[in-house]
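These are the structures in question, set out in turn.
Shared chain: subunit A. Partners: subunit B in the first complex, subunit C in the second.
Presenting the complex of A and B:
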């Protein structure tokens, strides 16, 4: 079913968690992974927390596939650039002007851990949280509804853009646009595809603004909600805990930084 | 009593020279079903936006004259209050989906959540709107997984559920199959009989002849002709101006020239044509 979001419907415990619990957990993992001293925190968190969570959420295979697909370009560029352009160090091998350094490769490996952590954290969250429940819970904690709307619709923008781009691509091809061949041919095809995509999106934004306004989006009345999101006392306490852990890990980082 | 009243309304979009609407005088009674016809660029959509309050509140531009709905004047009200009285649905159903909802049921409830309708009442109203528009079986589907015609029904249901006094519809059936469109016209007719005032922009002239109480023909931003469907749709004034004319009218006009059509008035629908030729 084409729903224009990453969400995968399952009846798992992870899916049933309150969206706020999941967003705080995601945030905690990112903060911890990026602030805690230690080079391999990213890998450890992915291996021992995010992967088991993905298993619990019954989305393991899809999850691995998407994380892999989206992070690969970043990983490749980081590994190539950092290992090749590292200034001084022990070369792994030397070939022509290429001399990747051990230190560069090590630094790349540390960075890759962080990239995978950020990617995996967001993707797992998006795959197990329904956008609409996220919007409702954001509003419950006082996020203005227009901001909540922007956050939620932005999460869906990439699949929607992809689908529109492929429609435009097909349309332009059927009019004889060359999209295959060498780099020069391909780069010439960019403008006739990007331009309708951007202009079309501007028109879409205006119409969507009218449509939601016509449905009382800017109403000053107190909003109600169709869906009730189940929450538990335990989750409430756990969220407090996550929040404190986040503060702690930032504090630990500052303390570590000062002591060095 | 007139629920919609436009007095000498003239409007120009920002950054344009030509007038989109010129000296429009229009009164619509409560429960009346008015259809608007006209060629491209005649000002049909602008008229819709004007009655729905988006001109001038959303589009800015220069508006003179007054637009009144249920005794309130649009230039003196705010848009978020105005939309409670006037509902608007337009042509492209894809852009009318909020994008923040997961199922059709929730999508239709979106407007009611915004205006703070209590949950029990919300569920009841959404179920009614889905039943009316014939989409009850789509309740749990994603709005994005539907066909264009189904999405148009969702867009219509999403506005009907708000229970506006005046319903403004800009080509709401353009992506439906003929049977579906006929069904939806029937629904709109029923709403009008229940007291909802309807203003509909539509090109399918043979059908609006059956459903509308009155027809307004717009041309270059002016009202060219106004009156009973049969009179307006068969008028010679519409010829050669890009208006859609029913094929039955065209046939009968030709037959009249040849002396084969004996009646004074020309037909718009198949039934009238059959009756006239019999």
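Presenting the complex of A and C:
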């Protein structure tokens, strides 16, 4: 089935890791990168942890391409805005009305590290984790199954809604709805597209509710799963370790903040 | 309170939430295709808040951003903002903001006050001066009013027109949307400033650049950018939901 996901199927060690191990690792990287004192943590984590992991996961090329594509607008924007419009500071050079400041460029460089960290951390996780195995493992640690239902269903119906929206757009166009032209013309197209999309899908709610209740959605019996997710003792200990490291890095930040 | 929360998450709500998230994403992308200067990516979230209640709305918002974040991590960082938007929509729903018709003169008043305060805000910011010690002073109200009297009158007229022609009978829903937008702008600014260096990688960055050029700090520039774009966007979202709920078949509304 067509799902809304970035998963790339590979037979790598990273893919075979338990989904919980990978989600905790992602969380740890984000928390550590954003809380640890020091300005260049983001770059260090991406260079020495995330990139090697991407190599191990055999998704390196795709990974670089996607992260670069997502980060580029932010990088351009932050470098231009924060260096050119920094206000008072030491100018790098002056040309006409342009006078980028050293302090601004430094701030932009620090921000770029954080931006790349957030993008890379999320994307690596999304590329190497199958959404359904993630859900099953979440259920195993006690996340209510209704939450798992919501996430899995969402991932499945998003592509359908995207094509539904296009269908409605085309249908309304063929009835003469203007979707090109000036801002006023284009904004008038919004309501005739949104209303059919939303009302049509609300009708679906009742049918779906009956369907899943008829299949024992509210049953209190313990559920079994078709897919078994392999876990190891080592990974269990590593997850504990990740969790402690996360708390440590937050504690380090608080201590550093207090001493300043 | 736990009982109330449980009641919000009936089977119908659980089925509605994935659909709402898909609506968020589908409409968010549609708006980009139509090249409109708004986001409209929280209509589904507001809808769940309005139909099911604040907690269901909050969950929808958070999940929507986290799931969308699997494709665009930038959105995921603001999951808590989306949760707050859903929560406020739920409160608005409980107060009947999505059912009641508003007299048109109230809508006119809402629109006028909103555009007036926005103008005041922008002018106060762009006329602020920062001295060498980094202390920022804002111009006095009387000075602003006398210097920009014409602009303020025009702003009030535009606001009244927006109220009359756009808000029409959905003034209360629009007002709740405006409030939501202001809250969203304030709480999203710290993340935008700290994690993303104050930029969104899109056209609204020009607003940040303008505020930065006028001497405002990073955090306040981001907040100002949000205050210019968010309230209008959330007002439209709340209005659309109001419109949806009114055009819904009576059979569905009763449930």
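Throughout what follows, the second predicted complex is superposed on the first by the 182 of 260 C-alpha atoms of A that agree within 3 Å, B and C clash if a C-alpha of one lies under 4 Å from a C-alpha of the other, contacts with A are read in each partner's own complex, and residues count from 1 in each chain.
Here is the rule we use: a contact is a pair of C-beta atoms (placed from the backbone, for glycine too) under 8 Å apart; a residue touches a chain by one contact, two chains touch by 3 or more.
Here the structure is a predicted model, which is why all the values come from computation and not from measurement.
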{"item": "Which of subunit B and subunit C A:153 touches, first, second, both or neither", "value": "both"}
{"item": "Partner chain in contact with A:212 - subunit B first, subunit C second, else both or neither", "value": "both"}
{"item": "First (subunit B), second (subunit C), both or neither touched by A:222", "value": "first"}
{"item": "Contacts of A:105 with subunit B and subunit C, given as first, second, both or neither", "value": "neither"}
{"item": "First (subunit B), second (subunit C), both or neither touched by A:135", "value": "first"}
{"item": "Broader residue contact with subunit A after superposition on the shared chain, subunit B or subunit C", "value": "C"}
{"item": "Partner chain in contact with A:238 - subunit B first, subunit C second, else both or neither", "value": "neither"}
{"item": "Touched partner set for A:201, first subunit B, second subunit C, both or neither", "value": "second"}
{"item": "Touching both subunit B and subunit C, residues of subunit A", "value": "4, 131, 149, 153, 204, 208-209, 212-213, 217-218"}
{"item": "Interface residues, subunit B side, partner subunit A - complex", "value": "49, 52, 54, 58, 79-80, 83-84, 87-90, 92, 95-102, 105-106, 109-119, 122-123, 126, 141-142, 144-145, 155, 158-159, 162"}
{"item": "List of subunit C residues in touch with subunit A within their complex", "value": "9, 11-12, 14-19, 21-23, 25-27, 29-31, 33-37, 40, 43, 47, 63, 67, 69-74, 76-77, 130, 132, 194-202, 205, 208-209, 212-213, 215, 218, 240, 243-244, 247-248, 252, 255"}
{"item": "Of all residues in subunit A, those that touch subunit B in their complex", "value": "1-4, 7, 130-132, 135, 145, 149, 152-153, 156, 204, 207-228"}
{"item": "Sites on subunit A touched by subunit C in the complex", "value": "4-6, 34, 70, 73-74, 76-78, 80-82, 84-88, 107-108, 110-112, 114-115, 118-119, 121-123, 126, 131, 146, 149-151, 153-155, 157-158, 160-162, 164-165, 169, 179, 183, 186-187, 189-191, 193-195, 197-199, 201-206, 208-209, 212-213, 217-218"}
